[in-house]
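Okay, so subunit A shows up in both of these, paired with subunit B first and subunit C after.
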Partner chain A sequence: MMALPAKIEGVIIMMMEKHKMAKIRKTLVAYMFMAPALLILAAFLFYPIIYSLPLAFFDYSIIGETTYVGWKNFSKAINDDLFWIAVKNSVLFVLVVPPIQILSMLLAMLVNRKIRGINFFRALYYIPVVTSMIAVSIIWGWIFDPDGVINTFLLENHIIKQPIYFLADKRLALFSLMFITLWQGLGYYMMIYLSGLQSVPLDLEESAMIDGANKFWTIVKIKVPLLKPFIWFSTLVSVLSAVSVFDVVFVLTEGGPDNGTLVTSYYSYAKAFVDFNFGYSAAIGLLVSIVTTVLSALVFAYGKKGGMGYYYD
Partner chain B sequence: MAKKEEWVITMTKNQITAGSMNTDYLPERKRLRRKKKIRKFSYTLLTYIALILIALVCAGPFFWIFITSFKSSQNIYDMSIFIKNPTLDNYIGVFNYMSLPRYILNTVIITVGGIVLDVLLAALCAYPLACMDFYGKKFIFGALISTMILPNAAGLVVNYLTIKNLGLLDKYFGVILPSAVTVFSIILMRQAYLNIPNDLVDAAKIDGASELKTWYKIMVPQIKPAVSTIVIFDFIGRWNTFLWPIIVLQNPQKYPLAAALKYLGGQFNYKFGYIAAGTVISIIPVIIIFLAFQKYFVNTVAGAIKA
Partner chain C sequence: MLTREKTKRLLAILLAALMMVSMLAGCGEKGADSKSSASNETVQKDSAKTDSSKDNDSETSSGSSEKQEPVTLQFWTISLRPAFDDYFLNMFSKYESEHKNITIEWTDMPMDAIQSKFLTATAGGTAPDVVNLNTSLALIMAGKGALVDLEKEATEEQRSIYIKTLYESTRIKDSVYAFPWYNTPNVLIYNKALFEKAGLPNPPKTTDEMFEMAKIMKEKTGAYLYIPESLSGILFMDGIPMLNEDKTKAAFNNQETLNLLNQYKQAVDEGYIPKTGWGDWDVMLKQFNSGKLAMINSGPQSLKRIMDEAPDIYKNVEIAQTMVGKADIIPNPTMNLVVPAASKHHKEAIDFANFVTNDENQLEFCKQVAIFPSTIKASQDPFFKSDTTTLEGKARAIIADSLAKTSDLTLGHPKESTIFDEIKKVVEACIVGNEDPQKSLADAEKKVNEILAE
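Showing the complex of A and B:
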């Protein structure tokens, strides 16, 4: 009587051991599958994320010696006028977010109809999104040129007397870049809102229409609240990409004229690859990404509490 | 547009008054149906007008540069969309003087190399994450997800230093390597593996196939849709890339098309027509791929948000 449970116990232990061995073997196989990808990710994704922090505390340049400088890079940034100009311009760039969101939402409502050729129009609106920033910038550089399409048109029709220096005027350049960003981003956010509109229950809208609500109030009272999670998501994406705008600045103005379009990400880039001051560049990058991470965490937390997933339950 | 709207509205009103005059003769239902029909028609008409106007804003600049690339160099700033004497001079010029074939070849090497590596490595890496039970699975998956939130403050700088230390500066491989596998692709592949019915895998195991053989013979054919999605996304991303190649490659002759256009734009600014032709050549493959695989794009973007 006593022997039987012990025997069973033994079998169970044996089976467990066998299972454990099998799992160990499986683990080995699994890591062999993952090894190449994990190695690359470790070197070029995890390592930079971790190493960004210590790098900011060093005076790292290609030529001289690398020395630990403590908080010097950070105090340098605080006292650097150019850094604050860059911060101001990056914050100013967020002004592009409300128009981009409102316009792309309206656009999504416009193309959310089953009429002939609608897919063709949707595709046309999305083309700027898939085109390289270089091509986009070359085209808009010419359109905005003092001799370009817009100025020629305005001058020939005597609307203006002097050509407008869209990209060469310090006060205008940042807004011109914002316009290009708006133009390029419209299609992307339109697709997000479109997928939102198509996953929203339609009966509400219909009943509102039957109740005699006009088009405008149907949008404000019914569609916008239903789109709330999508508004959160795409506003967050668009704020983050506005704060860290880089491509359009890099290609068209390189921070000029007279630092009129100097933004933080471009300043950090220039410190590294123009001045080869890697430590300072990392410190600027770190300061900016602390702000953006906190910002996105806040928006995400608030969105989760109030908005996200309230009809996905 | 406002005028058009007014016109439509007055027209609709006239129709209504005309209808109400005949109320005695026309049944009420017919009158209402007609009113509804006209309203629907004018609404559709307005929608199309709006759609076309927006299309002009979004795609007009591309259309303009396309036309411009066929213009002779004298009338380049001319806005007219009609060309008096269309010419291929700019295309011939860009091939002869700007070594465009070389740049296209560079782009193809970087794009194709990157896509092949990404698809292969992501397919390998995602397989255990989806189908195997092993030690550290949760940790690995969590680490991958966390990279989407954690800031990469000095990513460019650190990767530049790594590539430099590996002696890969000025080499195509140095351009490809850092993005040879992306977290996005791994997660997409994992999702594809998870959707494969379990019976298929079990059947293979009973047959005594090794893990590698199971993966290659059973799993890989099942994840083809995910592979095409990744190929399309990778193609557009890698074809358009310019910043990292400019940082890694020191010899501008090795630049891919997008980077070369920036470089040449500075050098050949007076040759407006050439740059226009080069820009058109750089855009066309991406637009073709996008138009051909639109559906994949929209579905993936929509799916990613819901996740």
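Showing the complex of A and C:
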């Protein structure tokens, strides 16, 4: 290759240096913006998580003596009936994932139109997402009350003879909480699917329709497959949210009635802040994290198989 | 001169700093109201200026030749500010004038915050000196070894002023961990219009009468007569022990409890007693205020809420002595004052706690609000029977006559809160969930035994 004149070489090197410095500066600015959030996360999330690792091997109650107990907390959890009830309920909560995904997708298809006022409906469906879960839980608690609006309507119209105990009946309580979670989460996943639908090339849809496909088959054969990456992401997020549900249980049922809504996150909280058994609570948290890791790995594996690669390779 | 790039950089740094500050602004609670007593500053100034004269004073007042070190006592209460500021600040002034070396620092906080704050303060080495706790919390803390045993560290004279049943509320074996303070014994608040409509002349005096009247009330008016207490409350009022004598095993799984449970279950199945809301004061009050419940057992402080929330119902309210079970005990939720073991001034703290809960101060407190004292002499004061014209006055007079048979619902065990939760599940399982009562009792017994064995 022909050697460049020294002057030009010098200019090129200077431009490369300048470009490198600009890149470094940009990166630094980005880290500076991230720094406050990272610091807060480090102090209030990462540090407690790391701290809980050794804590699980101790008997610690803040006031009493701290003693090393080895694997005792873990074996206690494995032999604890309530722990397995909590795990069962948490895994059952994952049943909310398929309906929430299907309904969100349908909702997204419904609002994916260019008609007047559609933004109003999009905002309306999103309002529950930005409402505090505590407020949502309290309001649904009133609605589900034996004297609440649902029972009053059903009783006055003679559809039922006795009120339905949505939150007091062990057979219904968990499903009632799942419904509240579904109601609040719909808007969030709807937005994810909406952005996915808007990225589907129109010409694909049009070609399918020209080839004779009706609306139904267009959705099933064109839109849904192309939404696979979004389905994968939404499923992962909603599975993790379902397994770690806490707010709605804390506000409405505190794990009752009769442990019917006892979930792992609430059980761990109760062990720490009601029984002051922080070591055991940390052990429960670690065991549950294994369960969520397994679930996440399953979702990842499904998502990897014929997911994004299939369509974007 | 600032170039565009430099301006952008400066703005970026400023925004990042603002974000940091705004995130940290959310940290820290504003739950606790902390203020020193009104005379605190004066006392502190005095102590700074006149140390030598103070020493002479302390020698004179204590009768001791020892120099008294200045002591600041941290006093924590639950939800008493700002309504009772004047009362407390005057009390502190009086105590400080009698104990020149002592300064009281008062912190008030909500009920749901006090437990965690107490724990973190103890863990952090900044434990308060005198803390207001309810009986359940006091027993939990006592079980953790966090409280001073008053049987060992308080004098006989200090301990002797209290009503025995209330003083014994925080007994665990040979130790007692709190001075009882103000309490709110139950009284029966009933809607006389509903009773007239049902053709019932008087409210029930016993739970047996309650079952008979509940059917009539529901049939004639459509309203429920009564929402039962929690199962532990029912057992307590009927004198059925929940634990054995040495508190090592559950004792509630027996024929007597089963009969009682079946009796309530039958009434629920026949529709005369509600399925849910047992022992939930909020639910009871809400039902009473909407005219769907004919009577509630509650402290007289509920009258104010009824007056505020349901003035039409309030017009028909009448008072009677609370319904009792076979044991003839009236439930009396009690607030207590405890001295943390981690306090650096046990003697002074015990003396101050005893001062706050003495006859004079408790009587003065009872004149401010419809509560009751825990001391023998104060409880016999004619003030409690002086007003029989207002509902609150009638409530006071009724309670004053029966104060000696009141008792706080307590098992005297540090894990009583967890045990009560397990007993509560019996109702959830068999009354709401239609499970077999015998099985529900057996399951609860097994769980309680596991808790006691831990």
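The rule is simple: the second predicted complex is superposed on the first by the 256 of 313 C-alpha atoms of A that agree within 3 Å, B and C clash if a C-alpha of one lies under 4 Å from a C-alpha of the other, contacts with A are read in each partner's own complex, and residues count from 1 in each chain.
Following the convention adopted for this analysis, contacts are C-beta pairs under 8 Å (C-beta built on N, C-alpha and C of every residue); 3 or more make two chains touch, one makes a residue touch a chain.
Since the model is a prediction, treat every value here as computed from it, not as a measurement.
Colleague: Regarding the shared-chain residue A:Val29, is it in contact with subunit B (first), subunit C (second), both, or neither?
Modeller: both
Colleague: Using the touch definition from the top, say if A:Asp275 reaches subunit B (first), subunit C (second), both or neither.
Modeller: The answer is second: A:Asp275 touches subunit C but not subunit B.
Colleague: Applying the document's definition of touch, where does A:Asp258 land relative to subunit B and subunit C: first, second, both, or neither?
Modeller: In the superposed model, A:Asp258 contacts subunit C only, not subunit B.
Colleague: Tell me the contact category for A:Ala37 with respect to subunit B and subunit C: first, second, both or neither.
Modeller: Both partners.
Colleague: So, A:Val111: does it touch subunit B (first), subunit C (second), both, or neither?
Modeller: Touch status of A:Val111: first partner only.
Colleague: Quick one: is A:Ile139 in contact with subunit B, with subunit C, with both, or with neither? Answer first, second, both or neither.
Modeller: Touch status of A:Ile139: first partner only.
Colleague: Looking only at contacts as defined up top, I'd like to know whether subunit B or subunit C touches more of subunit A.
Modeller: Larger number of subunit A residues touched: B.
Colleague: Once the shared chain is lined up, is A:Gly187 touching subunit B (first), subunit C (second), both, or neither of them?
Modeller: A:Gly187 sits against subunit B, while subunit C stays out of touch.
Colleague: Just checking: does A:Phe121 make contact with subunit B only, subunit C only, both, or neither of them? Give me first, second, both or neither.
Modeller: first
Colleague: Of all the subunit A residues, which ones make contact with subunit B and with subunit C?
Modeller: 29, 33, 36-37, 40, 147, 273.
Colleague: Which residues of subunit A touch subunit B once you look at their complex with the stated criterion?
Modeller: So the residues of subunit A in touch with subunit B come to 23-24, 26-27, 29-31, 33-34, 36-38, 40-41, 43-49, 51-53, 55-56, 107, 110-111, 113, 115, 118-119, 121, 123-128, 130-135, 138-143, 145, 147-149, 152-153, 183, 186-188, 191-192, 194-196, 199, 230, 233, 246-247, 250-251, 268-269, 272-273, 278, 281-282, 285-286, 288-290, 292-293, 296, 312.
Colleague: So in the complex, which bits of subunit B are touching subunit A?
Modeller: Residues 44, 47-48, 50-51, 54-55, 57-59, 61-62, 64-65, 77, 79, 121-122, 124-125, 127-129, 132-137, 140, 143-144, 147, 149-162, 177-181, 183, 186, 211, 215, 236, 239-243, 247, 258-259, 261-262, 265, 272, 275, 279, 282-283, 286-287, 290-291, 294, 297-298, 301-302, 305-306.
Colleague: In their complex, what parts of subunit C are in touch with subunit A?
Modeller: It comes out as residues 9, 12-13, 15-16, 19-20, 23-24, 116, 119-120, 122-123, 140-141, 144-146, 274-276, 287, 290, 292, 417-418, 424-425, 428-429, 432-433.
Colleague: Where on subunit A is subunit C touching in the complex?
Modeller: 25, 29, 32-33, 35-37, 39-40, 61-64, 146-147, 165, 168-171, 256-260, 273-276
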